[in-house]
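Each of the two complexes below includes chain A, the first together with chain B, the second together with chain C.
This part shows the complex of A and B:
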């Protein structure tokens, strides 16, 4: 598991390519496309790729892609 | 029959009434919210009239048009069950205010799915999704099976097995134990 691959997989859940490419520090909720549906697709991607089930609270308290990644790493190692 | 209004997942669910017409029309004429649904005229009287006719279909148990609100009764979105035919129902007419952080439309979908299979005891839920609505297509394909397509839409159905998987997946996210 590494952050570069994770950011790429995270970005693939968005239909539009943003003006500023996603990085670990991207505030993803500021993207126009962010919605409940995008959140769910991110959660599904993480479930499939990392066998980790995020909750709504995990997403709610995260601001950057790195915040999500940190939770995934923590749950994967639990 | 469903007891409404009901509180679930921090939201209130009830059936649409005539005085919801302005809220619904506001969403249906908002280009950002309604780009994947059929266009309508910005005509409040026509929307009220449509709801009046719908209430007659609701009284005959032919159709259910739901609205959900936050706990302060602020409306957030709508969805509809129609084409009721024996054990089969179609769900659609989804419209929701943007909810960047609350997963409200996912909570509403969990409610809707439970209503269909647990309270109204349907065995098959059908939907059609605009092909250009790529996220929604990906989401529904997690639990529904595609049954057909045309130039504009993809047609899918979900039976009880798909419902069970969907219910667990969404409950783990929304209401983890």
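This part shows the complex of A and C:
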């Protein structure tokens, strides 16, 4: 598991390619496209690629892609 | 893990009743057209049948039951059990199943029971009623399931109202010696009890003057404490992991050959979630019927409603091997395997 791949997988859940490419520090909720539907796509991607169950609270308390990544890492290792 | 194998009990018939009134999701004016298109694409729900304020779940179930008993040609005096699964009962007390026993004209020798479950309710209801019948002393019994979630959801809550429809169903079971019966896997995770909840009106948070105040939660979400709250993200991640796990556990425990199963009926939650579940289980589309598009999520009615509206023709003729899986509010889940033979499936009943 590495952050570069994770950011790429995360970005793939968006239809539009943003002007500034996503990085680990991107505040993803500020992206215009972000909605509860995008959240479901991210949850599905994490379930598929990492077999981790991300909760609503996990998403709500996260600001950056790295925040989500940290949760996935800690849950995958639990 | 809770597994059950209840032999000598067979599902003989399934019926469903929906309100005649249809509400198109595109006609909802408090959600923008762009948002609605997105919502329909993700959830798969285009329209729903909804009750008027004076209709209860029991009214829909009553109609479904009457029609089924008639087409089965059953003598009502032979029905010794009635289980009603719902989270929209007629009263806080008495149990709605008692009211229905009398209304349906069933014998006073009939046992009745209410079960408070939603999405997993059909599976739990089946396991309960079949368990009662297992000893062979009760020959015929009815399971009624359904909800009127259009009443419990706030019309100003885009996270619930466009998803839920209303329906009531009836399932007839009979004790027949030598039959393979029903196989179950059941589970619960109460740590997620808040993921789908109505906060007020019970005894933890009694009805009071704050119960009916409209709270603006976020854009497009306004509701009172008597309305349904749904944490879509929690439920989604629960569903896509637990439903396939439950079906796989059932298949493995009872050594069921998945290739031999004709129909996989899943609780109709939302299209994206259900498609994810189907793909995880590597099931072909033609074996997984969907009724979401025209009826939405009808809680404990989704599985029998899907059987009636999507595969009545094939269920009516010959043998069908079926798996059904319900998952949601509780959090609670369950899967069942059962075989039907020339199932009695009346046409969908409309409640006017």
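By definition in this document, the second predicted complex is superposed on the first by the 78 of 78 C-alpha atoms of A that agree within 3 Å, B and C clash if a C-alpha of one lies under 4 Å from a C-alpha of the other, contacts with A are read in each partner's own complex, and residues count from 1 in each chain.
As a convention for this text, a contact is a pair of C-beta atoms (placed from the backbone, for glycine too) under 8 Å apart; a residue touches a chain by one contact, two chains touch by 3 or more.
Since we're looking at a predicted model, the values are computed, not measured.
Enquirer: Answer with first, second, both or neither: which of chain B and chain C does A:15 touch in the superposed model?
Expert: In the superposed model, A:15 contacts chain B only, not chain C.
Enquirer: Is A:59 touching the first partner chain B, the second partner chain C, both, or neither of them?
Expert: A:59 contacts both chain B and chain C.
Enquirer: Figure out whether A:34 sits in contact with chain B (first) or chain C (second), or with both, or with neither.
Expert: A:34: touches chain B, not chain C.
Enquirer: What is the contact status of A:44 with respect to chain B (first) and chain C (second): first, second, both, or neither?
Expert: Both partners.
Enquirer: Just to be sure I read the superposition right, which of the two partners does A:76 touch: chain B = first, chain C = second, or both, or neither?
Expert: In the superposition, A:76 contacts neither chain B nor chain C.
Enquirer: Determine, for the superposed model, which of the two partners chain B and chain C contacts more residues of chain A.
Expert: Of the two chains, more chain A residues are contacted by B.
Enquirer: Could you pull out which residues of chain A sit against chain B in one structure and against chain C in the other?
Expert: The overlap between the chain B and chain C interfaces on chain A comprises residues 35-37, 39-41, 43-44, 47, 53-57, 59.
Enquirer: Give the list of chain C residues in touch with chain A in this complex.
Expert: Residues in contact with chain A: 38-39, 42, 159, 195, 231-234, 236-238, 240-241, 272-273, 276.
Enquirer: Per the contact definition, I'd like the list of chain B residues that touch chain A in the complex.
Expert: Within the complex, chain B contacts chain A at residues 96, 98-106, 134-136, 138-139, 142, 169, 172-174, 176.
Enquirer: Residue numbers of chain A touching chain B in their complex, please.
Expert: Result: residues 15, 29, 34-41, 43-44, 47, 53-57, 59-60 of chain A touch chain B.
Enquirer: So in the complex, the part of chain A that touches chain C is made up of which residues?
Expert: Result: residues 35-37, 39-41, 43-44, 47, 53-57, 59 of chain A touch chain C.
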